[in-house]
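Structures given as C-alpha cells follow.
Shared between the two complexes below is chain A, which pairs with chain B and chain C, respectively.
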Partner chain A sequence: MSRHRRSEGKKGGIRRAENNKIYAHPIPLVFLQSYVALGLSRHIVLNPCCEGYWDPLTRSVWVTNPKDSAILWQRGFFGKGNLSRSEPSWLSRQVNARKAALSGKVTSEEITTKRREQRKRFKMDRANAIAAAAAEAEEAFRTGKTVTSSIIIPSGATWKPAEKTPEKGPPTISQSNNRQEEDSGDLNSIVDVEHLQLTPQEAFFLIWCFDCLSIMSPQTDEGMSLQEIWIAFQTCYMDQRGLNPEPALQLRPDNPFLVNYVAYHHYRSLGWTIKSGVKFCVDYLLYKRGPVFDHAEFALLICPTYEDLADSDSPTRGTRDISWSWLSTINRVNSQVMKTLILCYVTIPSSALVTTEMLGSPKCLAYYSVREVTVRRFIPARMRD
Partner chain B sequence: MRSWSGRGGGELHWVCVMTGGSKRWESRSPARVHCAQLSTLIGVGGDESLPTGGSGVRWSPSIFTPEMEKHPSFSAVSHLLKKYPNVGGALFQTYNDLSLGNSLCSSVHLLVTDLRRARLCLIDGVGQGWKDVEVLDLQTCSRPALKGVRPGTDASLYVLPCWLSENLTMSLIHRAFEDMGDVQEVYMAITAEDSSIVYYKLSRGLVKPQL
Partner chain C sequence: MDDILELPNADVSKLQEPGQGEGFDDGNSSADEEEGGLDWTKLPLGPTASRPVIPKRGDKEYEPTSGSNLQKHYLERARDAMFDTLRAERTISNKTISYGVWYPNIARVHVTLARGGHFTSMGHSVPRPTSASGTNQHDAPPERVHKRLELLPEEALYLVERGAMFCWKEHDLFTTNAQQGLFPDDMEGVPMSVQQAYAEMIGKEDLTLERYQVYAYLKRLGYVVTRVKQPTPLYPLPPPYPSPFFAVQRKSLLQMVLYPIRFMITRITTLFAPAFNWWKPIRISPLLGINMGYRSIFRALRFIPHGHGIPLKANPKHPQAEESPYVHFFNLYKPSTPYKKTSPPVPDFAISVVSARTTSMPTLVELTALFDVLPEIPPPMPRARQKTPTSGGEKPQIKTAGNDLQSKTPNPGNVASASSTSTSWFPPWPFRQQTIRQAVKPNPERRPHPMAALKQGKKVAIIAVVDAGSPSFFRFGQGEFSEWPMAG
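Coming up: the complex of A and B.
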C-alpha cells in the first residue's frame, strides 16, 4: 500500500493533504473546545441533525438533502450514492460530461474509467503479441527454421500506451457547437436524482449512538421514534411486510438485521469504517480510515451461530452453509485482492432466553456475542520458514 | 449470501464479473471465475419456494415513500413494484442504475413520460448508456426483469434483478431464460441494501472469454 504512495510523488501528497482536510472528522459529531480553565476543558458538541426517509421497499434510508449527504459521507463514510461507486457524485459527473473542458474536479468514476480503458488496451496488445508470437512459431515449425523472435510480449509493469489517444471528450462536443447557449443554461437546471442510501444498520447506528439522524416514516411523513425504527428495521426482513401485523409476535433473535447490526456496531465502535463487501463476495469490508485513503485491509464474513440448536429451523434462518469449497473460494478471491478474510461468528441467543418482548428494544443486543477467526491459506511449500 | 453448488450448474459456465454501482464491465479468466466467483452467486437452495409476494399479502400502495414516488423512474416501474413487493426494491435500483447510472457514455434519450424527465432528456440525458430500458414481467417465474440496449452494441440484453439475500434455484434461472425468449445470455443484477449492484453474466454452455 505504501508503494503506491511513493510512486505518486508530489501530486499524491497534495491530494492526501486535501483528503485529510476534507475527511478530518471521523464521526458526524464535531467536538469544539470552548474554553480551558483550571486544567478543565469544556467541549461543545455540534450535531448536524440530518434527515432521512425510510424506504421499506429498498430496505434503506434515503438522505436526499445534498448537505446532509455530504456531511454523512465526509464524517465517517456513511452510506453510498445510489448512482455512484461511493460518494454521491452523479451530478458532478453529469456536469463534467457536458462541459467542453473538464472542470478539473475529476471524480473517482472517471479515474477508474481511464484506468480500465488502459488496462483493456494493454490486454489487447498482449493478446496480439501472443498471437503474433504463436504465428511466428508456427511458421518456424513449418519451414523448419529456427527464428529468433523479435516480438516482446508486454507485461503489466512495463507497458505504456502506444500512441497518445485523442482526449476522449464527451461526444456531444462537435454536435453541440450550436447548442452552447442552451447547454450553459441547462447546466444549472440538471435535476439531481441521486440520493445517499444508508443501510438499516448504518442508519440505526447513527440514530442510536450519535443521535444525528432522524427518519421520516413513509406513511405519515413524520419523524419515527426509536422504538418504531427498531421494529420497522426488523420487520422489513420478514416476508410479510406490507401488512401491519403485530410485528412483536413475529420477532425472532435470528433476524438478519439484528445479526448484521451486532457485527456492524462491534466494529464501528472499535473505530473501523465499514462498507458493503458485495464486490468481493463477503459481507463487510473494514477500512482503517476510509475508502478514500486506502484499500480495505479486511474482508468480513458474518457466520451466525445458534446458541440453541432447536432454534435453527426457523423461517428467518439465513442458511449460510459453511462448506470448505465455499470458504476456500472466498478466501481465494480476497487473497487475490490482498485482503485478509475474517470469519465473524455472531452467537444468536436462544429464543427461550431472549423473548419477543425483549426484542422490542435494543437492549437485547447485550445477549449477542462476536468472535473473530482469521483465515489464511497455508501453502506448505512456501511457508517453510 | 449463500454458497453455490456449481456442480449442478451444467448450463452455467462462463461468468463475466462486472462490478456495479457505476456499472463497469470487465471479464476474468474462466478458471478463476468458475472457482471463485461462481461460488459467490446467490445460492442454490433445495426448496423451490421463492419469497415472492405470494404469501397472500397484498402490497399496500401507501407504503411507497414520497421520495420514491417523486423519483423520475417511479412511473416506469410502479406497476411491478406493487405486484412483486419482495423484489421491487431490487428492480427499482437496477432500473435506476441502467438508465441513469454512470456517465461518459454516448448520449442517450431517456424514455419520456413526464415533464420532469423531459427536462433530463433535453440536456441529452447522459445516462448509463443503456437505451430503451424496458421493464418486463416474467410470467412463469413471477419476477420482473429488464431489457435494454448497451452502448456500443445493438443487441438487447436482459437483466434479472434480485436481492443479495435471496435464495434462487436453478429451475428459476431456467425458467427466466425461457421467459426471456430462450436467450443465450442473461445478466443477473444482485443488489445490496446500500445500492451496490453487482452484475453477473449467465450464459448457456461454454463460452470463451473475450480477452
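Coming up: the complex of A and C.
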C-alpha cells in the first residue's frame, strides 16, 4: 500500500506542478520585466483584451473566442463553459470520444463519469453482499442456529472493480486503429460550439478594474461603453415585462446586481476565487486559489440588509428572511462537505440617500458595506474540555 | 402519588438514570454529530455500582423489511428493555436529599437543608429578615436579618426534576405555627410534585420553557450555568470581560515614532495625486511604476467599505429595537473551570436562547448588539508538538480550544519547543526545568493557521435555538476576512 501511495503522490506532485504553471496568474493581466540595455529593465503589463457579447436574456456575457476563454479561465478562473462542468472542455471531450485509445489528457467530465460508474458498481456489490448477509442471518434465526457468516461486505477503501473478460481485448485494438485513420480528418472538422459564460459580476469586475474585456451589444454589434454596461447590468434584473419603458430611471439601491457585486468585489480584492455556490444552497463558494487546487473552504450566503426600513417593501428582491430551519438545513449541507457557512451581510443604503442619479455611476458603491459572520454548530457535549 | 413522595424511602438501591447521571455521555460515533439513543439492553437494572455503564449505540437498520422475524425480534427486545428501564422506580437515599421551600411571591426557593455537591455551583445567599416564631403579632419583635441560601426558579426546578431536592410550597399554616401538632415536625410546607413545580416555576423571573430546557440540558452535561443579568442586586456577577490588551501591545515604540512622519508623507502625496476616479479605480502606469504587481493591485482593489468596525446607521423607526429576543441570558462555564460561587471567574461562553418556531434569524442590528458586549478572542494556535522529554509536565494544547475566553496567554506548549533549542548549553537538568517555566515568550515560528482563524472569527456569540424541546446551538463568529487576505 505504501508503494501505491508513493506512486499516487508522485502523480499528484506532477499534476500539482503542472497546475501551478498553467494557473500561475491570479488575474488576466501579466507583468513582465524586459531588459532594454545596459542593465536597465522595463516593466510592461500585458493585457489580453478579450471580447464578449452581452446577452440580457441569460444575464451573461458570452466569450466565443477559444483563446480568450482559455485565458480568462486560466488566469483567475473566471466564467464557466456552457457545455461543461467548469472549464470549457467540450471540444477536447469530443475529440477524446472519437479516439478510442486513451489519450494523455482526460477532461474533468470524463474523470467524473468514470468515478461515478465505479461508485455505482461498488454500491451494487455492497447492496448484494448486505442482502445476502441479512438472508443468512434470517435463516440462522429461523432455524435457531448461530452460523458464522462467510460473506464479506465490501468497504469503499478496499473494493476493486471486477476484471473485464479478456475476449473483448484484441478486436477493440484493431477496430480503434481503423477508426483512427478515418477520424484524423474528422477531428479537425469539429466546430467548437461552446462558449465561456461570465456572470455580470465577473464581467464588470474584469472591465472596470483591469480593462481586459470589451463587451459588444448583440443588437448593434458595437462595443458598449462602461456607462452603458453599468446601466444594462442593473436593468437586466428588473421587471422586464415592458411595463416600465425607462428602466434606467427607476434604478434602486437594492438591485441584485449591486448587492452581489459588492460582495464579489470585496472577496476578489482579498485574493479569493469566487464561483457559484448553487450546488450547496448558497450564493458563492470561496476558493483559496482555485477549483483545480483544492475544495472550497467557505460557502457564502449573501444577506442583504436595508439600512432604512422604509425600503423593505420594494419591488425588487428585498431582504432574505431566513428561518432557523432553513439555516440549519444549509449549515448541515455545507458541514457535510466540509465547508464553513458564512453569512455575508451587505448593507443597502436608503434610497433617499442614494438617488437614481447616483446609481448611474459606480460611485454609489461607496455607500454599501460588507460584513461577514461565520456560522458553526456548537456541540456542548464535545466542548466540555 | 404524593404520599409516596412525602416520606423518602429507606431503600438504598441507587438506580442511576441514564438521562440524569453525571457521567452520561452520548456514546455516539464520531462521524455523527447528533446525540445517539441508548442501547437499553445493555443498561443495568436494579442495584448497580455507583459509576454508570456507558452503553454503545446499536447498528441501524436501513429499512423495515417485511416478513423478517429477526428484525422484529431485535426491535421488540430493544423496546422492552427501554420500557423496563423507564418503568423502574427511581429512588434516592434519604441521606442525600435536600429540602427547600418555594416562595411564590419572591419566586425563589429557600433551601432549608442542603446536601450534596450541587450547591457549590448553584444558589446564592440572600439576607432576609426573620421574625421570631410564636410571638404575639402586636408586639414588635426585634427583626433579625440572617443570610439564607436561595435558588432561582430554574435551579430549583432542575434539582426537583432530578430528584435531588424535595420542595414544599410556602403556606401560612406552617409559618405561623398555628396548627402545631397537626403535621409532622419536619414538614415546612405543602409538598410539591414535579408537575406542580413546573407549573409554578416556569414563567417566573424571566424563565420560559425554552430557557429552562437549555439550562437543564447544559447542567446535565456538567456545565455551570449562571445568569448574565442580575435578577437581584445580591446575585454574584462575574467580573467584566477583559479589555483587548493584545491589541494595544501591537504598537511598538518605533511605530509610535514613525507614525506622525508617515502621516505627513501620505498627506503630501494625496495632495499631488489625482482624485479617485470611480470610472477607472485602478490606475496601472508602467512609467511611474504604479500598481505594477499583483500585490499592489490587490491592495488597490480594497476600496469597498467592509468590516464590523463601520458603525451601523441607527434606525429610529425600528419597532423591534427594544424587544429584541437576542440578548445574552446565560453564562456558561466549562466543567474544568474552577468555579467559585461568591466570586465567579470570567465566563467561557455567553448564550442567548430563542425559540425556533417564533423567532426568525437575527438581523444585523441584533447580531451587532450581541457582539458588542463580547470580548475578542485570539486566533486558535496550532497544536504544539511535544518534542523534548523534559516538558512532560505541560499539558498539550487542544487545537479547537480557541473558544475559551480565558486563554489569553500563549499556550505553554510553545514554551517546550522554544526551550528545546536553548537547552543545549544549560548544563544540569534541574535548571532546565526552571527555565521552561520562566520562558513565556511565544515561539515566533508558530503562527495561527489562517483558515482556522477565519473560521473562528474574532468574537463568538452562541445562540441556543429550541425547537419543541430539542435545543441546537449555533456559534456566530464575527468574521474579519480583511485581516487574513489570500493575496497581496
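Following the convention adopted for this analysis, the second predicted complex is superposed on the first by the 342 of 385 C-alpha atoms of A that agree within 3 Å, B and C clash if a C-alpha of one lies under 4 Å from a C-alpha of the other, contacts with A are read in each partner's own complex, and residues count from 1 in each chain.
Keep this in mind: contacts are C-beta pairs under 8 Å (C-beta built on N, C-alpha and C of every residue); 3 or more make two chains touch, one makes a residue touch a chain.
These numbers were taken from a predicted model, which means no experiment stands behind them.
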Combined model on chain A where chain B meets chain C, clash or fit: fit
Contacts of A:R85 with chain B and chain C, given as first, second, both or neither: first
Chain A as apex of chain B and chain C, Cα-centre angle in degrees (nearest 10): 110
First (chain B), second (chain C), both or neither touched by A:E110: first
Touching partner for A:V375 - first (chain B), second (chain C), both, neither: second
Partner chain(s) touched by A:K21 [first = chain B, second = chain C, both, neither]: neither
Contacts of A:K10 with chain B and chain C, given as first, second, both or neither: neither
Which of chain B and chain C A:S325 touches, first, second, both or neither: both
Partner chain in contact with A:Q94 - chain B first, chain C second, else both or neither: first
Contacts of A:T340 with chain B and chain C, given as first, second, both or neither: second
Partner chain(s) touched by A:T58 [first = chain B, second = chain C, both, neither]: first
Overlay on chain A, chain C to chain B nearest C-alpha distance, Å: 10
Chain B/chain C common contact set on chain A: 321-323, 325
Parts of chain B lying in touch with chain A, wherever the complex brings them together: 1-4, 19, 21-22, 24, 26, 32, 35-40, 43, 45, 51, 53, 55, 57-60, 62-68, 71-72, 81, 85-86, 88-89, 92-93, 96-97, 100-104, 106-107, 116, 119-120, 122-124, 126, 164-165, 167, 190, 192-196, 198, 211
For the chain A and chain C complex, residues of the former touching the latter: 25-27, 29, 31, 42-45, 130, 134, 137-138, 141-142, 208-211, 226, 262, 265-272, 288-289, 297-298, 303, 305, 307-310, 321-325, 327-328, 331, 335, 340, 342, 345, 347, 350, 361-363, 365-366, 368-381, 383-385
List of chain A residues in touch with chain B within their complex: 53-60, 62, 64, 79-86, 90, 93-94, 96-98, 109-110, 112-113, 116, 119-120, 123-124, 127, 170-172, 176, 182-183, 186, 189-191, 193, 195, 197-200, 202, 218-219, 221, 237, 239-243, 256, 275-276, 278-279, 281, 283, 318-323, 325-326, 329-330, 332-333, 336
In the complex with chain A, residue positions of chain C that touch it: 25-26, 33, 35, 62, 65, 68-70, 73, 217-218, 221-223, 278-282, 284, 286, 289, 292-294, 297-298, 301-308, 310, 312-313, 315, 317-318, 334-336, 349, 356, 359-361, 363-364, 367, 398, 403, 451, 454-457, 462, 465, 467, 472-482, 485-488
